[in-house]
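Per-chain numbering from 1; labels A, B, C and D assigned in written order.
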Amino acid sequence: MGLTTDQLSGWIRGFAAAVAEHADELTALDSAIGDADHGTNLVRGTTAALERIEGASGPRALLKAVGMTFISKVGGASGSLYGSFFLEAAKASPEEGELSDVAAALRAGLASIVARGHAEAGDKTMIDALEPAVAALEGGASLADAASAAEAGRDATEPLVARKGRASYLGERSAGHVDPGAASAALLVRALAEAAA
Amino acid sequence: MGLTTDQLSGWIRGFAAAVAEHADELTALDSAIGDADHGTNLVRGTTAALERIEGASGPRALLKAVGMTFISKVGGASGSLYGSFFLEAAKASPEEGELSDVAAALRAGLASIVARGHAEAGDKTMIDALEPAVAALEGGASLADAASAAEAGRDATEPLVARKGRASYLGERSAGHVDPGAASAALLVRALAEAAA
Amino acid sequence: MKKLIGDPSAVIADALLGVAAAHPDQTVDHENRVVISGAPREGRVAIVSGGGTGHEPLHAGFVGAGMLDAACAGEVFTSPTPDQMLAAAQHVDSGAGVLFVVKNYTGDVLNFEMAADLAGDEGIRTATVLVADDVSVEDSTYTAGRRGVGTTVVVEKVAGAAAAEGRSLEDVRAVAQRVSENGRSMGVALTSGTVPAVGKPSFDLPDDEMEVGVGIHGEPGRRREKLRPASEIADEIANAIADDRDFTGEPVIALLSGLGGTPQIELYVMYGEIARALEARGIAVARSLVGDYITSLDMAGCSLTLVAADDEILRLWDAPVNTPALRWGI
Amino acid sequence: MKKLIGDPSAVIADALLGVAAAHPDQTVDHENRVVISGAPREGRVAIVSGGGTGHEPLHAGFVGAGMLDAACAGEVFTSPTPDQMLAAAQHVDSGAGVLFVVKNYTGDVLNFEMAADLAGDEGIRTATVLVADDVSVEDSTYTAGRRGVGTTVVVEKVAGAAAAEGRSLEDVRAVAQRVSENGRSMGVALTSGTVPAVGKPSFDLPDDEMEVGVGIHGEPGRRREKLRPASEIADEIANAIADDRDFTGEPVIALLSGLGGTPQIELYVMYGEIARALEARGIAVARSLVGDYITSLDMAGCSLTLVAADDEILRLWDAPVNTPALRWGI
């Protein structure tokens, strides 16, 4: 199940399209328990990334370009975390040919989010969508199933009390809302499944 | 048709009661074309005046106390103008006995408003209510008729474009609203008619 | 009404308690509602201003060395009384006389006139400078004339600096008068302010409209328009001012003041557009201030003031000043 | 949305044009959105801060002699990127190193960490002081910890003064850290702010309610309550701070900041009540500031910050400073 550079760039384009479509929703989620910018942040990041991946040759260069763009254009928590995710996924990807071990690349990306943000599953962050997806892939599930796992993880953030990110400032009041980063991460994994299909 | 000190103090009490009853209305008129304080200003002035006229002996002392109170407690245009009105009316009133020439006292008060404020009839001010009332009295009308003249003068301010006071800043937009000072002046004359009755 | 206050009728007394606590350099005469500078004034002219409350930092925020010696606080949007002004003059006169800085509103003018009479009776020499700079009001001898707005800040600063140089009352008045005559202002409002004692906005303004040509007392403006981008608003107010008086060829002091409810980020966006608009008209800004200097309670909006400054005015503007709201050189 | 702006997505670039026009003492790197002080810094430590836009005057308003050497402006409520921070460090480093003043938000912390790495790669020494002073947030190692709010202003002032004395990076960081550890804050909101790109308030708040324990990013507070008089609000926030740390027996720097949409008259009413509440708790205010210092767009409300100050901190606080929003002694 290797992914070509074209498919990977399709992933980013698909993620950009999904972010654009759901931007208001992501921002609304962030209004409820954060600072109302998650949609705008990701639109800025994905729009800039699309310009930078034009003609990138090879999985590593492509993912690296995406990571660098997120870091230098987005700011906030998500810019840094998604940026690290792509940079580390790039390092776990080949310079040429196909990305064959998708699970390993995603695991490397996720590990860097954890390393930077010190959050764990259940803290009501993007990790709650990414971890079940990566674990599913590692267990041999399809990308489509991984995307469903991410979506289930996203939904499961709703009742949680946040322990990381801005939502943690709300204490008990953060319960009852889906985490915006988990929602965008679910879009990310779904876009990957669709690009690979 | 002389007025005793008791009747004059009844005038001030009646004016205070009318101002209290219509305070919101006066302020609403002032909101439309001024700065939303005419009701509050007059409540402050009349409340303080009631304290100061207790036991005043003679028309002049009584009216002077009212004038001084307005000047020292109210501020704004109306504090100074009503204050001058009462001070000059006091000067035209006897120290003892009854105020017999009511028209002359009111004319003196009105003249001082004109002298201070440089407004004339038709400028959309309190003068538009006071002038017809004083003129009516001078022509031999009853106080009740003078009060009606003041009310007619008040109503006639509605279509006018203000040339004096804050309402003048609105230019054409001041038309279509009754002048707050004309409204309070009509209350003043009506209170006088009732105190004398 | 959503305000950080207690009893709405006690808001001025309560705010003066805060002023006294926050500014130990100032003395507050709570009975007369006068804020007095702690700066020495032996033998020099004293500058006194005052007006309705609700325009903060005007006037009490400008009490201090190099600016006002005392400020009287009236009720909200209501001129103080002559008694207050007399008390202020008595607090600060040291024999050289007192300059009253008066904004042109009927109430302020009348009450300061009476105060000048009372002060004369007490042997205090006074002079008055009147500020009437709002170009959105027609300038006519048949009306109350123009309102006094932002130029007041510059008049107070320059008069205070002239007084600090030990100049005579006539001299101080003359330069203050020159500032007053050379200043022009105009304001726009996006929302109405709310007078505490009233409890609801002074006027209603639909979500997509603004008032053009507003003063600082919550009165509606000269006209109501659709809300427009900052660039167009800047062009409108800059042009209205520049059409009223030719500011080219002279150094200009520019003051962009928020009206109380407008955050700094918006004021800076506006100032960028104002700077552009002034440059397009050939007007050279020598000094500028951007912030809340003359406000109207919690009204959202801004006002622009330009003062044409000769060398003396600029020098006095640059002189040291130490007040809560304006400070440099000390 | 009623704002004095143009294109909502250009609000930061537009505001920086205004900053450049209003403050000729500052230089603006428009590409990187960095505001740079014109004060000399040869051979001394430089102080750099930054954060999301919408908190003005924080941080760009504190750029100038004796305070910040540079400030980076992120998008509204969004931490700047490491590239911006690196550019800022490169602009102002003169070999003695750069202190990053960072408010404790995940985004700010992560991006400044990356910036420190990048700066190291470029041979620039950096140190970081983190501000995490909001007592309304639980202080726990399992969470993101407390937000950084008003104490940031004091940290920036004191760090700038220490740098101006020519002290080493380690020294400057140490005293800045001491300020950070000794500061506590708490805020309340009467209205929600509106993010320009969003166009509507971040949260709805009924006319008779307030949010207690808010930060500066438009997030709701710890809880919602009926709106109460200023005296009760003052007691609540003063007590929350004083319960968290004992401020008795030490001189205290008190900062009462508006949140952007609150006029000064209300802040002074609040400060009067705060002064009373602190005195009742035996807390002695040595220095105070009342005004807009750290805001949240056009939110109505206020935040109180107390910093326990030793002699050195007080001396550095009193040292001359010349920035658009804080100035004395120069």
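Everything below uses one rule, namely that a residue touches a chain if its C-beta (ideal position, glycine included) is under 8 Å from a C-beta of that chain, and two chains touch if they have at least 3 such contacts.
Values in this document were obtained by computation on a predicted structure and should not be read as measured data.
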Which chain has its C-alpha centre farthest away from the C-alpha centre of subunit D? B
Quick one: report the Å distance separating subunit B from subunit C, using the average Cα coordinate of each chain. 31
Gap in Å, rounded to a whole number, between the CA centres of subunit C and subunit A: 54
What are the residue numbers in subunit D that touch two or more other chains? none
At least two other chains touched by the same residue of subunit A: list those residues. none
According to the definition already given, which pairs of chains are in contact? A-D, B-C, C-D
Along subunit B, where are the residues that touch subunit C in the complex? 27, 31-37, 40-41, 44, 71-81, 116-117, 163-166, 168-171, 173
Where on subunit C is subunit D touching in the complex? 2-7, 11, 14-22, 53-54, 56-57, 61, 190-191, 207, 210, 227, 229-231, 233, 256, 260-276, 285, 288-290, 292, 295, 297-298, 300-302, 322, 324, 327-330
Subunit A partner contacts - residues on subunit D that touch it in the complex: 52, 74-84, 105-107, 110-111, 113-114, 134, 136-138, 142-144, 147, 195, 197-198, 202-203, 215, 217-223
